[in-house]
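Once you scroll down, you'll see the structures, which are given as structure tokens.
Next come two complexes, and both contain chain A; in the first it sits with chain B, in the second with chain C.
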Partner chain A sequence: MNLKLNILSAILGISFLYGNAVAADIKIGIAAALTGNAAQYGLPIRQGLELAAAEINVRGGVNGNRLELIIEDEQGKKEEGINVFKKLIFQNKVMMLFGPTLSNSAQASDPVAQTAKVVVFGTSNTADGITSIGDYVFRNSVTERDILPITLKIAAQNTGLKKVAVIYGNDDIFTKSGYDNFKKALRDLKIPVATTETFAKGDVSFKPQLTNIRASNPDAVVLSALVAEGAPIMVQARQLGITLPFIGGNGMNSPRVFELAKGNSDNLWVGSPWSVESPAPENKRFIAAYLKAHGTMPDQFAAQAYDAMYIAAQALKTIKLTGKLETDRKALRDALPATQWNGATGPFKFRRIVGRNGKPAGYDAVQTAIVMVTQANRYVIKN
Partner chain B sequence: MLAQQFINAISLGGVYALFALGFTLIFGVLGIVNLAHGAVFMLGAYSALHAVILLRLPLMAAILAAIVTTGAAGWLLDKLIFAPLRARDAPHLAPMIATIGLAICLSSSVEGFFGAQNLRFPVEALPTETLSLGGIRITWLELQIVLLAFVLMGILMWCLKQTRIGRALRGLAESPKAAALLGIDVEGLFRFTSVLASLLGGVAGVLIALYTNAVFPLMGQPMLHKGIAVVILGGMGDIRGALLGGFFLGFAEVFSVAYIGSTMRDAVAFGLLFAILLLRPDGLFGKATQRRA
Partner chain C sequence: MEWLDNFWATYSTLLLSVGTNVLLALSIYLTLACGLLTVANAAFMAIGAYTAALLTLQTGTPFLLALILGALLPALVAMLIGRPTLRLSGVYLAMATLAFGEVVRILILNAEDLTGGALGLNGIAQLTTGFDVAFALIGALYVLLRFAGSRIGRAMAAIRQDEIATELMGLNVRAYKLFAFVLGAALAGLAGALNAHFTFFISPNEYGFERAVEILAMGVLGGTGSPWGAVLGGVVITLLPELLRGFGHYRPLINGVVLIVIIIYSPQGIWDLTRFIRRRHSGKPAVN
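After this line comes the complex of A and B, so read on.
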């Protein structure tokens, strides 16, 4: 009896010591689309997060605690997003989550994190309504609602456009939400729309729609598409002799347009929280480190993911970990809103938004967009 | 604008027809709905793309590389999937289900090797000339796709009518048992058809990838959906029908964009297709009592 008690107290004593004196790993769950069509966004996101975590760990982690990343593939699908969130939250018992890659999936999986009271941090979800899910939902992806009006305004000032034609993908929540924001911004700026056309994922020819656009005689074409469809649209437009400027949403803001629309990529206006041309030292450092670690140039998805990891680490630094998962998860959630950071995408802070029910909900990003135009395979910053 | 839309419709129709040719051939002879045809199509595009990028071959040689790869894929398709299922007298749906599995397997493997992102042919390798007449513009490539669709259809139909092997194929399509009794090498012909149909799919893959500027693992999927519609409309297994069905879908899509609005495109195009099938349940060229090759 006595012996048993002694052993028990010894074990308790050791675990007590272990919990306090020895640094623990902080488990961070990452749900990204690593296979499927959305992998072209999910892979840079993963690489951006990994790079930041590796840098933080090399410098001794967060208050001595290493960041341990647990990465799962959500395939860019709603159902998989939910499964992966559940696995990371309940099985891996992560402190917080990054992801998922697409707004479509976030809409489905973020409620899981909200119900379980785990912070979910989106780095690429720009559609409306994601952060209105609840007060555990954060994102540093600047929404198109903020970016598109300034993009249009600066493009209009520079090109003197009077009326535009619009083309967008209507079978995708991201490009459709981009269209809605363009529509609102065009109304606010009092720019008339000559014609509005739609396309679907996997379309081979965009020429029928572009022929309509050509006939409507606009001064510019507003394009809400992902680069996978947007680049062929630009190429086919030039083939039809349409030399007008294109004004793209967030989906078109990828240097891949230079490759996918090679020879026809000029005169595309985009707004972005991040630019490869941005001369800030934090950005130069990020680009060099990314290039060294992964051998390719980063895109905005990588940059935003990279900054997001630092923002989370910054918040983690301010809290005292108790080892009790629920308490720590809540402490992180309470620390995040006040976190500020100056990273690859520039100065950043959170802004609380009002949910659909009129009550305060999750947190969006406050950041100034950079407006750029493509010229001979480069971005030229215009603001 | 009308003239340009007419040209757009012909070129889109040519794309659909080119894809549907191989698809309908396998159905006509083997009686199989080959849902892996989209994946074979994708394989053709990837083979040619890597022949151009890694081996620095000119476009024509790259198309040959695609023919070899997809022809081999067709040979394996029959050897590993269709033939064993034939030998076991598998029920009608088994080969179709097997091809779904194969399609997923192929596109996932390609994704594993080459990544999910869109790739494209280097600009230098592309025929980029555009013909322009008045306000009407068409690229050389579009013109070539349309011509090739017609030429391939012509060759296929001529071979089926005039050559020994064509007659044997038609006999086979009519009744494999009777063909075997007549001393026709049934297994060999099945294999040959699978190879021929797959390499047609491969060629279509290269040309359409050049047209869209987009090579990605799931590129065959939307084409397959439209291809099924085209082939059903034309009459399952009918070569002429595949061509006509392709042009019908092309025209229906383009003119619903031009006159009704692009949001209604698929509703109008597929609504028309549905209406035609109500009037002619076996498609434009299909005959209920007779299978065709």
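After this line comes the complex of A and C, so read on.
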């Protein structure tokens, strides 16, 4: 009788212990553009996040808690972004959110997370003003405000340029905000601008603008464009005999330029938080794991998403989960700012920024940009 | 009650979008009911959205006044451009209004100091409540349903059937067309003003060609025989993608297939399907 009781209590005790050790999964919401025009950015982001979460779970999760990803498609549209955020926050009751893919969607949906007091972590939003929405908004995507001055400086040192011509897309939030940051950086570095030209999304001929640029006789061309327009601009410039170096914004930082500007892709300077050529062991490991898991080479969006998941996991590790969602969400928010990480994109930490009302708001990334120049279909690191 | 709170928290934006999209569908219904193919409603929506958002953002205008001005300014613009463009008909009218839409979008894009250009306006206060949208919707529907059986509604139907015959009967065809165009612009502007105040952010590119076609699709899918058709079209086009969320990657595909099937089997729109029910109840053949 006594023995039976002992066995029973032992079994109960074991199962009780076991039950505690398994604990609950940590739900993490992901809003990414998986269909539509922005899917070219959303898919690598999803794959980067999935890879990191799988690696963390294989190693026993975060303090024994598995990470459970709930992935929703926000199509790169602002209303969809808001709907998805609300669904993840109020229905799936996630601990935190990753996304959305585009800055436009973030402007519309991040306030939802801020009001609900849920951490939202952007991995690809580079436009100004996203993190000024509030103190629950974080991103590890390095803004062009930080990258472009370094790109210009390194390019100027290497090419000895004295004055530049500027060409940018004025109808897109991304390329326009890139231009604003280039303008500021050029002013700070005291580099005179010979001429400023504009184009619109979907344009196919850029020869009038390029002829003006040639006539203004600059030492380099500053280009704030997405690859779809930027690559033809480079091709047509070379056709007109303009052999000057191009200095591109983040939109031009894509290996697609090698296909789209085939044979004319050399001498393009870009700054990036991540490079496929970066020799750091963390980066080599990431590239190998990504290639094995997804069968394609990663890009900067995948690398940043991959690191973001590790940064969040690092913060989750330091907090004690109570099972009360509001308390845990707040604890995560308080733990994140001090988190540091050394991942595929190099050493990383957060920096608090000042919001529109002059009060401290969300958190941007502090990271050194890698400046590269294209040479024979490869990137060569220059800093 | 907790369930209801949670439901509202999750789906409030979706329901508000249904409301503003139905207003947009009603705005295109007005011109379609006159047999006019105009695609300027996205531009009128943009004018309404920017007017109202700039008023509440920069001058602290009361929301109600901002909404009224957000409906009035597009109406005024419609009156100005309606006079010359409504002389056109068919595909030429569609092209002229399409061009007008592009002009508005590019103007907003380049008036950077006022509108923020491509960067858009952000930090717009969340002022739109369910009551605002419901009130606007009920008001618009009431007026349009009253039209249907009135002199104005009959005149519009006559213009759609045969414009020359209507003119020969002594009706001022051009005045009726302009009336429909201007009222449609006001409704689209109101929808834009309401929409801007629950999505935090507006930018010129969301009022481009894609939006214009979406509005037209809502009107055509629902059917132009009755304002109820526009209501159905707006509801279906807004809710369908959300209901199909479970299909994951295949969502846009299935969404498209459903719309194609509807149009093949009911070319006059969804509302046309209900004519069988209506006939049975009224005991006499329904008038198309």
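We adopt the following convention: the second predicted complex is superposed on the first by the 361 of 383 C-alpha atoms of A that agree within 3 Å, B and C clash if a C-alpha of one lies under 4 Å from a C-alpha of the other, contacts with A are read in each partner's own complex, and residues count from 1 in each chain.
Note that in this section a residue touches a chain if its C-beta (ideal position, glycine included) is under 8 Å from a C-beta of that chain, and two chains touch if they have at least 3 such contacts.
Not measured: the values here are computed from a predicted model.
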Label the relationship between chain B and chain C on chain A in the superposed model as either fit or clash. fit
Contacts of A:R59 with chain B and chain C, given as first, second, both or neither: neither
Now for A:I173: first (chain B), second (chain C), both, or neither, which partner does it touch? second
Which superposed partner A:K292 touches (first chain B, second chain C, both, neither): neither
Considering only the touch criterion stated at the top, classify A:K190 as touching first (chain B), second (chain C), both, or neither. neither
Touching partner for A:D73 - first (chain B), second (chain C), both, neither: second
Given the superposition on chain A, which partner contacts more residues in chain A: chain B or chain C? B
Touching A:T35, do we find chain B (first), chain C (second), both, or neither? both
In the overlaid three-chain picture, which partner chain does A:I82 touch, first (chain B) or second (chain C), both, or neither? second
Taking the superposition as given, does A:K320 touch the first partner, chain B, the second, chain C, both, or neither? neither
Between the C-alpha centres of chain B and chain C, what angle is opened at the C-alpha centre of chain A, expressed to the nearest 10°? 50
If you've got the overlay open, could you tell me the nearest Cα approach between chain B and chain C in whole angstrom? 5
Overlap of chain B and chain C contacts on chain A, residues 35-36, 170
Any idea which chain C residues touch chain A in the complex? 6, 9-14, 17, 106, 109-110, 117-120, 122-123, 126, 199-201, 203-206, 241-242, 245, 248-249, 251-252
In the complex with chain A, residue positions of chain B that touch it: 1, 4-5, 8-9, 11-12, 15, 108, 111-112, 115-118, 120, 122-123, 128, 130, 132, 135, 137, 139, 208, 211-214, 216, 218-219, 221-223, 253-254, 257-258, 262-263, 265-266
Chain C partner contacts - residues on chain A that touch it in the complex: 34-36, 72-73, 78-80, 82-83, 86-87, 89-91, 104, 107-108, 111, 127, 129, 170-173, 175-177, 356
Counting only contacts in the complex, chain A reaches chain B at residues 35-40, 43, 170, 197-205, 207-209, 211-212, 214-215, 227-228, 231-232, 235, 239-241, 256, 259-263
